Every structure is written in C-alpha cells, then in structure tokens.
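Both complexes below contain chain A, partnered by chain B and then by chain C.
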Partner chain A sequence: MPIETWLIFTMGIMLVGSIVALEIRDVLSAIIAIGIVGLAVSIAFLFLQAPDLAIVQFLFEIFALIILVRAFIGKKAHEDSLASNKTAAVVVGVVLLAILFLCLPIFRALPPFGEPLFITSAHYTKMATQETGAANLVASIILDYRAYDTLGEVTVLFAAILGALTVLRTSRRTQKGKESK
Partner chain B sequence: MILYVLCFALFLVGVYGLLTKRDLIKIILSTAIMGYAANLFLVLFGYRHDATFPILTEANAGQPMVDPLPQALVLTSIVIELGITALLVALAIRLYQKYATFDITKMRSLKG
Partner chain C sequence: MKDQQGMSIIVKTVTRVSVWLILLYGWYIILHGHLTPGGGFAGGVIIALAFLNVMLAYGKDFTVKWLNIQFLKDMEAASITLFLVMGLLGISFGGAFLANFLGKGKLFHLFSAGTIPLFNVIIGIKVAMSLFLVVWVLADIDSTKGGEL
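On to the complex of A and B.
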C-alpha cells in the first residue's frame, strides 16, 4: 500500500480520537482518547521516516498521560447542558468549516506531498557528516547547526517547569527581613 | 494535498474545542490537539518519496533522505509542548483549589 493510504488511515484515527476526547463526558475516557491521538501521531512519524520524532512523541505522550491522569483523576468535569452553548457550538463549527474550505487553495499552492523544497537541507544532507561528524542528521542540526535554537528551547522548557513549580508551591515564602527580627 | 487538508482539519478540531468548551480539562486537551496537528504538518511537509530516514548507516548509503530540518525543529517543539502542558495543568489545579470547579464561566473574581 502507498504511504498516503496509511497516513490517511492514521489521521482518520486522530480525528475520531480528538473529537471523542472533546465530546465525551468522562474525564478518564477523554484523557485516554487524547493518548490514542498522540500514539497515532507517533505511528505517523514512523511512516514519515522520522524515528527520533516517533520516540520523543511516544515519551511525551506517556508523560502527558501520567500528568493529566494524576492531576484530573476523580474530578468531575463540567457538563455543558445549556442551549445557548449548543448554538455557539454550531456557529463555531460552521465558521471553522468555512475556514477549511476557504483555505483549500492554499494547500493546492503548497509543494505537493513527497516533493519538499529541500533548499537548506540539501547542504545539510551533503555536508553534515564532514562538518559535524554526526551520523544522525537530526542530531547534527539541533546540536550543531542550530544549537542556539536548542539553547532557547531549553530556556523555554526551564521557564515552563519553573512556572509550574511556582504555581504549585504550597508553602508560602517567608520574608527574610521579618524572620530575623 | 488530502493529507494537508486532514492535518488542518485536526487543527480546526482543536480550535473548535478551545472556542466552545467551558471545561478547563477540555481546553487543555484542545491545546494538545493543536500542537499535534502543527507538528505533524511540519513533518508532512518534509517528506520525500522513496527516501530513507536521515541517519547515515551502511544500509542506506547514497540513497536520498527525507528533509531533516523540519524533524529537528519539531523535536524541540514537542519537548516545549510537554512543558506547556505541565504549566497549564498546574494552573488548572490551582484554580480548582480556589473555585472548586473547572467551569471557566464560574471563575469571575480577580482577587488572589
């Protein structure tokens, strides 16, 4: 089977899984549905010849599931039952469908699937082994050619984790000036 | 092209959840869906027909490779997404402790 068929199949699973995750009442079922979506993304990365990404996506999914289940287990989700909310949902759905159809010419203008632009990457695939000595081109890009990007990413990650820890901190910080007196 | 459209549809499902849901858990899940769609779109964009993964081995020496650049950038984006999800979950837990609900329409006071 051509790769497009497999990818359309996995994307169908993703679409169904995400709609189920958004519409189902039970919190645990919604979190498991989002896990299905993430693992389908991981499989799609494998089909797209990106083994590093598949592994990272798999780990991300497991971590995200652990965090979400640990945080939200046993808590009752809010149930949307108001009529006004339903009309809002219909309006938003129609508008988003219109956006999808209006954007179709954009996807036609993009380079077709399977034929990337490959301008910057032509240099990387040719020269990366000689210039960086790495056999894995993805590693050579994130750790050598675009190392500052990675540094910025680590900074953002550090800030996010620091923010999460600060928000979750239970003990109030004692003021040193008052404590000493 | 159908793959791009499906990927964009997945993104729009996330936008739909973000706009219509009033439950904080569902909003966090919507942001995760949008992240998946964006990452997948970038990697779809770098795929090349009849090309191998971008790791040099003896088995695929001399063969064309898929574009390694989107893969490298998406790798960092996935990791950032985990941090963002953790931050959102922490904020949601704090709000639940204060208001005893996840309904965003019931969180009205600004007092800390």
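On to the complex of A and C.
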C-alpha cells in the first residue's frame, strides 16, 4: 500500500480523537483522546521515516499525559460549551471555508508528496556525514547546520520553566499569606 | 510517616531497581544521539520520566530530599549557559557562532562528530531538569490547600 493511504488513515484517527477530546464531557476520556491523537502523530512520523521525531513525540506524549492526569483528575470540568453561540460558529465556518477556497490554487501548485524540492536539504543529505562526521543525519542537522534552531528551542524551554517557577511559586506564597491573615 | 507517602511496597521495590535502568537507557540515548535515532531531547525526557517514576512511587518529600532541587535548578541554568559558551567558543575556534570546531573523528565511533555529542549532553541535561522542575512545581501546588490554579 502507498504511504499516503496509511497517513490518511492515521489522520482520520487523529481527527476523530480531536473531535472526541473537544466534545466529550468526562475529563479523563478527553485526556485519553488527546493521548490517542499524540500517539497517532508519533505513528505518522514513523511512516514518514522520522524515527528521531517519533521517539521524542512518543515520550513527550507520555509526559504530557501524566501531567494532564495529575493536574485535572478530580477537578470539575468547565461547563461552558463551544457551540453555545450559533451565529459565531456559522461565521467562523464560513470564513474558514472561504480561506480554504482561496488557498486551493496553492495546493495545486505544490509538488507531489516527497518530491526532492529544497536544494539545501539535498546538500544536507549528500554532504552531512562527510562534513560533520555524525552517523545520524538528524543530529548533524539539528546540532550543526541548524544549531540556531536548537538554541531557540532550548531558550523557549528555559523561558517556559522560568515562567512556570515564577508564576506558580508566587501564587503559592500569596495563598500562604492569605491563610496567615 | 515517610512510609505512608507514595505507593505500596511492591511498587517501591520495583522502582528502586528499574529507575537506574531507565536512567541508564536515557544516558545511552543521549550519548549515542549522533549515531542512532534519539538524542538530547528524547534522552532528557527519559531521564525526567525516571525521576517522575520515583516521585510517583515514593512521594514528593522523599524525591525532593533525594534529588536536591536547588542543584537541579543550578544544573538547568548552567546547561543553557554552557550551550551559549560552546557557541561562543565556535566563534573563536571555528569562525562562526555554534561552529563545529572539534575534530570529526571516525564515522560510527562514539567519540566522533566534533561538538555534536557535547551539545546532545547539554540539551539532555537541560530537558531533563526543565521537565522535572515543571512536574515538581505542579506537585508542590497540588499539595498546598487551595493552591490550585
């Protein structure tokens, strides 16, 4: 079977999982549906022959599931439903359809799936092992050719943990202050 | 008092053995990042999950005492600083920011590919510390009365 069929199959699973996660009332079921979406993304990466990305996606999915279960189990879900405002939903739908319609020519202009298009990527795949000496092409790209990207990712992570520590610790301190009063 | 935190003795005994194996696997993934699929990000998450495993099995207080949170914070800040320092060393030795200034070595050897394994180790430490600190902050919030978000 061609790879597109499998991708469309996993994409269908992702779509169903996302809709279930949005619409279902039970929090645990919603979290499990999100997990299904994440694991389907991981499998899609495997089909696209990106094992590095698949491993990272799989592990982060487990990590996110643990955090979500830890944070949300035993708490009441928000009851405000998305479909309450019907006119807004219709307007958003029409706008999205219009954007899709306007984008159709671009989809036609795209090259076929997996076609070698980018000259830089061709250079990477041809020369990476000679130029960097790394057997894993992905490592040579993310840590040598595009180390700036990695620096950016690490900075994002740093900012995230800094924000989390600051905000969450502060809220706890104010809570304690209120209790002592 | 300490025994009442965490899960049952079966889980604790299994965790005592398995956590070292998980840590070893994480380091294997990090150190072989330039040879096999994986690398700093994946290995870092595995290490963070090993710590999370300890936290789930033994409870928060034991883990905080075992791991020394201040040391984790210092490691986290030090690793990103080290990343920048490595980039600046690239300017002085390789001619460009983040340049690969070490020797290439032999293909498929553990000590090859210049600075790539070093960057992998730095990123692995960074990711592991960051993710575990997020979990620790969340657990800390949950345990205080009314401290929910």
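Here are some notes:
Methods note: the second predicted complex is superposed on the first by the 159 of 181 C-alpha atoms of A that agree within 3 Å, B and C clash if a C-alpha of one lies under 4 Å from a C-alpha of the other, contacts with A are read in each partner's own complex, and residues count from 1 in each chain.
In the analysis below, a residue touches a chain if its C-beta (ideal position, glycine included) is under 8 Å from a C-beta of that chain, and two chains touch if they have at least 3 such contacts.
Just so it is clear, the structure is predicted and the values come from calculations on it, not from any experiment.
Applying the stated contact rule after C-alpha superposition, one finds that A:A164 touches each of chain B and chain C. After overlaying the two complexes on the shared chain, residue contacts for A:V94 are found with neither chain B nor chain C. Which of chain B and chain C touches more residues of chain A: that partner is B.
Residue contacts after overlaying the shared chain place A:S121 against chain B, while chain C stays out of touching range. Of the two partner chains, chain C is the only one touched by A:T155; chain B is not.
Of the two partner chains, both chain B and chain C are touched by A:D52. Using the contact criterion defined above for the overlaid structures, shared-chain residue A:I73 touches neither chain B nor chain C, since it reaches no partner.
Of the two partner chains, both chain B and chain C are touched by A:F63.
Of the two partner chains placed around the shared chain by superposition, chain B and chain C are both touched by A:A135. Common to the chain B and chain C contact sets on chain A are residues 51-52, 56, 60, 63, 67, 71, 75, 129, 135-136, 138, 142, 150, 157, 160-161, 164-165, 168.
Contact residues of chain A toward chain B in the complex are 3-4, 7-8, 11-12, 14-15, 18-19, 21-22, 27, 30-31, 34, 37-38, 41, 44-45, 48-53, 56-57, 60, 63-64, 67-68, 71-72, 75, 77-78, 80, 85, 88-89, 92-93, 96, 99-100, 103-104, 107-108, 110-116, 118, 120-121, 124-125, 128-129, 135-138, 141-142, 146, 149-150, 153, 156-157, 159-161, 163-165, 167-168.
Every residue of chain C that touches chain A in the complex is listed here, in rising order: 29, 33-42, 45-46, 48-49, 52, 76, 80, 83-84, 87, 97-98, 100, 104-108, 112-116, 119-120, 123, 126-127, 130-131, 133-135, 137-142, 144-149. Contact residues of chain B toward chain A in the complex are 1-10, 12-17, 19-23, 25-26, 28-30, 32-33, 36, 39-40, 43-49, 51-57, 65-69, 71-76, 78-87, 89-94, 96, 101-103. Contact residues on chain A toward chain C in their complex (touch as defined above): 51-52, 54-56, 59-60, 62-63, 66-67, 70-71, 75, 129, 132-136, 138-140, 142-144, 147-148, 150-151, 154-155, 157-158, 160-161, 164-165, 168-169, 171-172, 175-176, 179.
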